[in-house]
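What follows is a group of structures, each given as structure tokens.
Here come two complexes built around chain A, the first alongside chain B, the second alongside chain C.
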Partner chain A sequence: MIDIHNLSYQIAGQPVLRDVSLQLAKGGVVAMIGPNGAGKSTLLSLIARLLPLQSGSIVVDDLQIGEATDIELARTLAILRQDLTVASRLTVRDLVGFGRYPYHRGRPGAEDRELIEAALKLFDLADLGDRQLDTLSGGQRQRAFVAMAYAQDTDYLLLDEPLNNLDIAASRALMEVLRDLTRQRGRTVVIVLHDINYAAAYADRIIALKAGEVVADGAPSTIVSDSLLQDVFQTRAKVKTVDGRPIVLV
Partner chain B sequence: MQVRITLMVAALVLCCLAYLSLGARGDWSFVLAFRASKLAALLLVSFALSWATVIFQTITGSRILTPAIMGFDALFLLLLSLLVWSIGGQAYQALPVQGLMAANAALLCSAALILFKVVLRAGRDNMMQMILTGVVLSVLFRSLTSYVLRVIDPNEYAVVQAASFARFSNIDTSLLTLAAGLSLVAGLGVWHLRHRLDVTSLGPVLSTSLGEPPQRLQWQVLILISILVSVSTALVGPVAFFGLLVTSLTYLIIPSSRHADILPAAALIAGIILVGGQTMMERVLDLNTPLSVVVEFLGGLVFLFLLLRSLR
Partner chain C sequence: MSKWLCLIALAALASVSLFVGVIDLLRVDPAEIWPLIRDSRFPRTVATLLTGASLAIAGQIMQLIARNRFVEPMTSGTGQSAALGVLLTAVLFPTAPIGLKMGLASITALGGSVLFFSLIRRLPPTQPLLVPLVGLIYGGIVGAGVTYVAFQADMLQFIEIWMNGEFSGTLRGRYELLWLAGIAAALTYLVADQFSIIGLGEAVSINLGLSYRQVVMLGLLMISVVTALTVVTVGIIPFVGLVVPNMVSLMAGDNLRRTLPITAMAGAGLVLIADLVGRLVIYPFEMPVGTVIGVVGAIAFLWLLYKGGRRAG
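Showing the complex of A and B:
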């Protein structure tokens, strides 16, 4: 469980998160939505220790962020962000191989190699293993990064707007892979999304943030509504229910 | 890749043999001993500069930077001019060179640490902040140096000037033992960090996610760079673009992003350029043009090329 307790964060005196307390249970896809500047990415970065904590606490399982060692955290929690730029000459297999680094610290064993090949196969990358990253399409590259995070074998995977720049096929494929990870392997995926329809379709739980505070929290069917869009995004969009699942008419 | 490394080793050995034997006249035992110590110095400089540049480019995440941009050389020149100004040229030349070199290494290390402590506080993008601070400081160091050079006695100015340009023909070989010792220590340190450097080259987000936050590595790498740079400046003076030339060639030739491959290759390429170039200049072409001019010219061209390509 990720236990966030009284978390506040300021940038240059401006509050970005105000006293956020949340508990994210193990398993399932948790989507964070909200307008630009609501604090979603900051919250994710704080959990992933990319930003130093200012006040409040975050505990992942029994590891306290800020006190647990980097390697322990690397075996528990992985993060992927959209703005990843990686040395272009890295091959897909090399990249996925880095996922095992927290375990072998630079000296991969036979078991690590097996896991890397398994990850390549699982994410449909076996044929692309020796291709360099900059020769891949956006969707393939994104898949390679997720395969790396998979090889890292962490219970928690945090993703910050992974669907940016992906077309509908790549977006759906990625979301399906993430959902399968939670269903079949008991992983927990926390994901920042802009498109509420993707959140409603694939998430088990949606957390809406606005101005640094949690304003709605629950299953997609219970919280995605006209009034949520009005409150959180200040836009008048209709929400219809199709096949038992809320859809925002844009 | 094994083939390429073997070829490079062969090329380097050939260069070294040519450097030792070509155009030798007179007593061979004297010539060999005399040239061997110069060769050792050239190899040490190749090693130190290439490794310093590779790890600097890794922690800054940029392929067009060299340690020179942080003002390491400028600080060396400022120290030199201040020293000559305060105690005079003759007294300066009477100082023990080993002591000067050790002092220089210590000074560069502490400057790097101070820069690190003051500028690199927790937060994002602080590496860029540190580089920019280094750029500004190096301008300050250069201005102070040129001020000192204006008030200095012309004869002593000549002493400073002689030491301010890279010289590959006229190397002070009495420093060899100390330089070799320092390079060995720094080299072992870098080799020890090679896997962590691999992870760091993935960028701050992924390396943090993999349990290797870049901040933890940065100060160690800066110290190692300071030692390596001070070794090479003490032996041949300040060199700006040589490292860039070497790393660009290395990335071109070696299809790997692992430091365990890149570091040895970079040292080999640097050795081939320096020893081979020096042999050509001194023995074959019999030119008086210093190699440093050619190397810096080529390195500068590579720099411009990389810069223009990145703008496109």
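Showing the complex of A and C:
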């Protein structure tokens, strides 16, 4: 479980998160939605210790963020951020291989290599393994980074807008792989999404943030509504129910 | 396979180097051959190989830490800071043993590198070419400081030795410190993955459980020690750390576990060839190796700026 307690965060005096408390149970897909600047990425970065805590606390399983060792956390949670620019010339296989670093610490073994190949296969990268990252399309590069996070083999996977650059087929394929991970292996996926329809279709729970506060939290069918869109995004869009799940008419 | 070819070519060049000099080995009294090789030719050949290999690796590591392909210690202030350290030791403690000189030079080199990295942190990431420009200016300012101190202390002719690298003074008993530089550079191979990951940025490094700051400091320490030892023994040799890692990266990528041996061999080869050229081009006189590499390196640098500018970030 990820236990977030009274978390606040400021950047240059401006509050980005205000007293957020959340419990994310183990297993399942949790989608975070909210307008730009709502604090979603900051929340993810704080959970993944990429930013130092200012006030409040975060505990992942029994690991206290800020106190647990780097390597323990690296085996427990993986984060994929939005910014995926890479100056290094690496092959896809090299990059995915670095996902195994927390286990092999620079000396990869047979098991690591097997897992790398499995990750390449799962994310449809088997033919691209030896290609340099800078020769790939945006979507292929995105998948390579997701595969790296997958190879890290952690119970918790935090993904910040992973559907950027992906076409509809790749987006659906990725969401299905993520959902399978939660169903078959009990993994927990926390994912920032902009498209509420993807959130409604694949998430078990949606958390809506606005101006650094949690304003809605629950199963997609219970919270996605005209009034949510009006309150959180200040936009008038209709929500219809098709096959039992909410669809935003854009 | 190609690695072995490189190694064989390097060995061949090194043997050629043993025969190049004012005294023709084939016409000299046989009794003098061994002392000549032992005291001059062999030390000089080994010195070029060690210098080239360690400078190329130092450049590679510096580029990964800076996440910028256009920096290297000798043109970004580390070399000049090392020279400042040697000079200050010579002024303040003229009788200091070489170990102390080297230690102080390493410390000033480390300080110079840390200052350089704190300078470039403030630069906008959208302007990657600002980083080498700031490095050149910063190195120039430190270099000017060295000249000023030397002028005040009436030691201008001494700093020539440190500011302009050359191997003509390399003799048995005066180059052995370079082995330490070689060892420092070789040790990076043990943590090759860590440095590759550092090149992917702070967020990826933390995510993978690396202590980012610790690895960066380790890298800077290695760069500083290699630079200081090189400056103390042979002087500043620019561009090796810039040209070699870029060429290797273009051909073989940036996974250090795979490329560090190639980088080391290519660096060793470049400095050895440049020294051979310097010894032959105005034979029986010599041209400093720094000058030869400066000419070759400047052309290569321009080519890289032209070709690689778009992907520099």
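To be clear about the criterion, the second predicted complex is superposed on the first by the 248 of 250 C-alpha atoms of A that agree within 3 Å, B and C clash if a C-alpha of one lies under 4 Å from a C-alpha of the other, contacts with A are read in each partner's own complex, and residues count from 1 in each chain.
We take it that a residue touches a chain if its C-beta (ideal position, glycine included) is under 8 Å from a C-beta of that chain, and two chains touch if they have at least 3 such contacts.
Because the structure is predicted, anything quoted here is derived from the model rather than measured.
Upon superposition of the two complexes on chain A, a steric clash is found between chain B and chain C. Of the two partner chains placed by superposition, chain B and chain C are both touched by A:101. Contact with chain C, but none with chain B, is seen for A:134 once the two complexes are overlaid on the shared chain. By the document's definition of touching, neither partner reaches A:126: not chain B, not chain C. After overlaying the two complexes on the shared chain, residue contacts for A:49 are found with chain B and with chain C alike. By the touch criterion defined above, A:73 reaches both chain B and chain C.
Contacts of A:89 after superposition: both chain B and chain C are touched.
Residues 48-50, 69-75, 78-79, 81, 83, 85-87, 89-90, 94, 98-99, 101-102, 105-106, 152 of chain A lie in contact with chain B in one complex and with chain C in the other. Within the complex formed with chain A, the chain C residues making contact are 64, 67-69, 190-194, 196-197, 199-200, 202-204, 206-211, 249-250, 253-255, 257, 311-313. Against chain B, the residues of chain A that register as touching in their complex are 48-52, 69-75, 77-81, 83-87, 89-90, 94, 98-99, 101-102, 105-107, 148-149, 152. Note for the complex: chain A touches chain C at residues 45, 48-50, 69-75, 78-79, 81, 83, 85-91, 94, 98-99, 101-102, 105-106, 132, 134, 152. Those residues of chain B whose C-beta lies close enough to touch chain A in the complex are 122-124, 194-196, 198-199, 201-206, 208-213, 216, 251, 255-258.
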